[in-house]
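Have a look at the structure below, then the notes.
For clarity, chains are labelled A, B, C and D in written order, and residue numbers in each chain start from 1.
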């Protein structure tokens, strides 16, 4: 699988994992959030927003584009004064209407302003919104997160914490939330803890962030992960922990370890880079092959390739070079220019791989079209054999928890056997990591099939929550529209 | 040394290597040039231009920004019709005045239009322009390349080829040129061949490009390098080769192999990636040290680190993670946020390096400030020992051949011994590759000091051409202004 | 009084009269709305919006700037397909948050999309919104018009017409509304008919517009004015008229005749240009003075000046020339450049007025600072005497019905007698039209003080509706903020 | 004739009269030039430039758009420091290449910087440039003004004044120039004085400007007109006058009085507004008609209409209302919308003209299409009779002196008699002012046909200079391209 970028209209990649960040009680809160979001940019590159509170007023900025291009102007920072701020980075579509979907969402409620940033996807948002609309609520975005705003606004509880709890208890799906009111900052993870959320400390100021790498950039200390089902309330008097949901076993998204999280993050106490190398090691054990070198599909396949090479005792080589200067829509210069899409980002290193038996290591296969082009490029450059090793089990099902995956029917592994897939992408051999192998790489003994330790629905089709908005096959598309907003 | 980006006002990096690309006799010439320039984006990221010729008229587009952002709109391509086009990618400064410096330069001469794109730096351009101005020439850019335009325009020869030869013979310094007239496309390298230029073929259409990686992206075939001192003239009847200069031994820039060129390029028949790995091997042989792992400063130190690790039989680890989403000026959020500049791009992978003896491999040290910050970051992440190994000899002198280096006095190696530098960047040990080691990595037995095979002035201060514009110490600054235009 | 423009931070003018336009059942609905709004540009120059319905979906475009600059691009029109569309032109402030205030407002209600454009001001909007917020409504703009949206959404009626009636019956103040649902277009004027709204016909398609000049531009036929308190419902089956409010005597804004409306409009059957000339005639009768010429303050004083000159039998002369190319903030080039602000738009025609006794005719005096500068300019150009004649009574009170007036305390006439005002602006004589004179100019015999025929609160302080949002003196500011939204 | 605007692709108007302004020896020179250019905006609305000199360096800013939009930002002013500056306002075409044509042109010559701004057109510029190109000059704009730059640069004189004189003596055509070097500001008019140029004084600082209205805006004093054939040199020691050309009788452009100049300007001692009213008086005397009212085609026909109405003793009425908010390209909403182009700017005031016999007064007829549409609009509004009176003789020939006129063949009067024109525009009667009448209006007894006092070539086809660049009929187009640059 190739990483996301602005190129593919029919994207052959997973995306739409959002990033959230908040800080409470620190001068220059907005610049710090900007840095935090920059470190979380891999979780969403198309738009971002920050809401700050200066003790009297809330300030909102939303921009389409990379943090480093849109939020780094002094004039933007000047419009975000205050000692508290939360931010969000995400994907979005083009046009005027999209800006209203950029988070954090903000509303003036009867008892004051309220902002919320969300990573995940609420699987009963549509159902909730239909009920709300019938009661006269005006839905002004197409974001699933807006349901939360209305639930808080219409809650009959009088105390703010109670209203928030009242609201999140009605939500299904995955949600790691950071919210800001005039008095407090709240962090909350769904009972299964599908998406990550960590607590940090910068000289006494509390921080909430999707990943620990966002703490590193500002020199903050990693304190701990927010627990599945936990809600922390941060005020001037400190931090309080609540557990407003019924207790269930957690199901963290295992694909965060494979692909989404940054390799320098530590999640749930686990070292992401080490897990990815372990994945390579497991893969080499399960699916060894005689070859001359191990070549990663950069950059997402690189750590697994290093692990594979070490375990298989093969040289690790940069047989594919990545061009990081990727821009917007390129013009197709005519039919004779083959495989251009993939070449905008990758080029085979001909002299290195010519005449060699190459083990290509990639993190996953989505539609298969990118893999096909990369294999062809490697063959055109003279590789004698191409063996593809995938750092995860076959992805057979859409994610409804905040990742923008193609419909299930478009996933190559949903309609082909491994052998057919090997033919389709034209490799000499193809192998995926087993589910147990993946669990081992993460540090488990294996998957407990009766009670899986992680959410692995994209591999196993076992969704850990109800999919209320999903009723009948023809709703899949609408659902996937909905699912792409978190 | 860290790679270039838009961040540093006092850049701690080398830059200003330009890239050129041209194609003759092919529909959709401009989209192909766009792709070629995209593949050469690493040679200059701040501005680009394309000139096309449609059989009757020349069309010029110049834009500030990345190729992928500025040249990929259909409207831009529509304004560049024709079967021939040349392009250029470069650095530039801000403001209205800068656009006129973006190449290709173009002028309507008495016998028709003439466009030229230049990689290198003409070291007597100022001197030539002063003479031209006295004769009444109007200099409309601050580019050294404009001297060539005027020399062609005022040549007393009648034939176009002769006028071109007349002009280039008056130039000193480094120049790899691609020029376009209404009849022909010309490629030309200076007698020493300081900068690269290759010839390619796309189904019978000739291509000129700075590096072979620009041929790969469009599926073109690498034919050969243009030879030092060679001028090729491409017309509808084919290609002709001329050697208009006195014959001298060539002096290709050895730093292209260390840093500038893309690792998937082949230059002068040599495989850049293999050379960089060789550099790591030589470095491991010359400067071995007991350690637990080899960590590259990504991405420029990566191939040498792989070579070092293989030779030293140490694990190669991604101990530093790079964030590729780098934007414009970031706000400094206050003093307590240390080393932020470097953290926008790099983060130490704490769990990987904690308690370990780390060999850091980087390509060079310019001012030393970035190295200092990276070492500190690695130490803060818990490394037990930090040993820095540099994939080139100490850079002691400015380049006047098309690379924007700081003044000599600001180069750390120009005023410190290796021991002092080790103290300055606070490493446990520091070592550079020897000059002979570098020559061995490139495939030579060593440096022929009486007759060096390459331009290595930045290491040795032995400049292979006169520096005519440079008269007395106080002119260095003016010269360096001049030198930054190529 | 001078006309509005982008120059004055402390504007010495009335503004914020909005314009609305809608068409039902005609191909190219959006381009027609664009033209209609262009003809209504004098009612609001800073932002505009159009909502179209294509039979299946609503399309929304909102832009900051003049219609002719923002809505005339083919790409914008292409995004507004459909046979029905409504539009709005208005003032707005800068920044991201303002775009959400640009009308038409739009929401997806439980039974379909609903868009509304409003001219006027709802004087109990704040009170309504506070109630709505307490019930959990999320207010997403700072526009008074949003109250209507929520009232429709939360109405307990089941039929759409009934919901709309239910909502507008709760509104106080001035409102001329054009609304669009998936089935119908609705036009509605408040019971007093404070703001104008006319019905037009273009080859069988119904049009609603603020003024008849917007019908002329597209060659549509003026049918009639929508009556005060009338609600017309336009569907595919034709037009239906309803009168949902208790019947009261109408109170149209008399200042529309003096200043807001375009002179080529016909409002409530009256010819605006003729009324303005009548005003000049009445002024000449009431306040004759010996003089050499009559000079208008262009362009708003011109028709009254023509009437004055004809009645007084004095030459009408362009003694002040207006520069229509007015841009944004000008830099003040130092103290010696006096009265620059006014000179950006006006210049005295020295040769014409030198040594002459001049009657200056202007439409009104707001703060007086502009009048002061114009008088000084005319004196500097050599006028022997300057007599100011104002085409309306003294404006003593703020408008709360959709016009952005300064607070009452800043109106010159609220704190000075006519004599003091003459001193302040330094004229030889100053006279205003009497209230009865104004009523005569409009065609009445005079004002019926017990039952005034028009809203003339800005002259008389007699507001014809409750000002519910206005409680106590300290609320004036908040109210005036609110009042500036319509 | 209708005034210029951005609407007409096939413009039915004269345009391309440029405006120039310079000030020497005054703090904030650039802001003052900005104001001066703003007052000259009617002479060119599409682009502008300013060059300032700060004692050491020249600073150049060029922008597409209105002065008030592009030059009023503090950042732009900050980039133009210095006590001397010159500016230019003009038309330009779209695209990157056009910016290089925006004046002032600037070049670093051997003896220092040199900037020049030009109003007029050099009728042998192409011929000069061809000679220069053959000598090797590189022409970097398509502006006729660049010829002057090269002539100064290549002059063999040693003294700067002599070089300037050497250059201007080679020019043919119309030129009112303002130039700036590091030592002096120069003003120069061609020997015939075809275009205006005045000298002003602001507290001791010298000013050069196209029209006196540009002095008024900054409170400067009008000193005198620069004389035809005069060159003034302004230095720190004061002003010197030279007459470098052979003495000839002057031929000022009479159409400046009819249309181009602002009515509040005084040119060659004559009051433009008074002349325009005189024109109306002469027209009423020559071409009286029984009618009910006089209606100007606003704004250019207004002063003549006032004069006509006073002389004919008819009421002057605003029977056509002008919308000043004119934007860019409007979408045509289909065939049924008739005469839209003209309606974007004008609307007939139906109630005023219905059933009336109307005398329409306009300044000129170019192609006739606009007149046709206006007449139709007036008829559609119910006028009983429409009599068109034109405030100038029929325009039968293109201008080659700085006005962008259609080719002669496209001028209605070049191919039709007055009767045919009356039929074409569908009026009940049509009459033009006689040439002698025009001369009388300007203050002469009549035209001296043997030795005309003004340039009136557009009426008489008698061009007062050679048209060297114009050779044969097929060159007319190229010439008209050339002629549109001044």
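One rule holds in what follows: a residue touches a chain if its C-beta (ideal position, glycine included) is under 8 Å from a C-beta of that chain, and two chains touch if they have at least 3 such contacts.
Because the structure is a prediction, the values reported are computed rather than measured.
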Shared interface partners, meaning chains that touch chain A and chain C: none
Of all other chains, the one whose Cα centre sits farthest from chain C: B
Length of the line joining the C-alpha centres of chain B and chain D, rounded to whole Å: 50
Chain centre separation in whole Å, for chain B relative to chain A (CA means): 36
Interchain centroid distance [CA atoms averaged], chain B/chain C, Å: 62
Shared-contact residues (touching 2 or more other chains) in chain C: none
Chain-level touch network, classified as line, ring, star, complete or other: ring
List of chain A residues in touch with chain C within their complex: 60-62, 79, 95-97, 99-100, 107-110, 130, 133-140, 149-150, 153-155
Chain A-facing residues of chain B, complex: 27-28, 31-32, 34-35, 38-39, 41-42, 45, 66-70, 72-74, 77, 202-203, 213, 216-219, 262-264, 266, 271, 273-274, 302-303, 306, 310, 315-318, 321, 323-334, 336-340, 343-344, 347-352
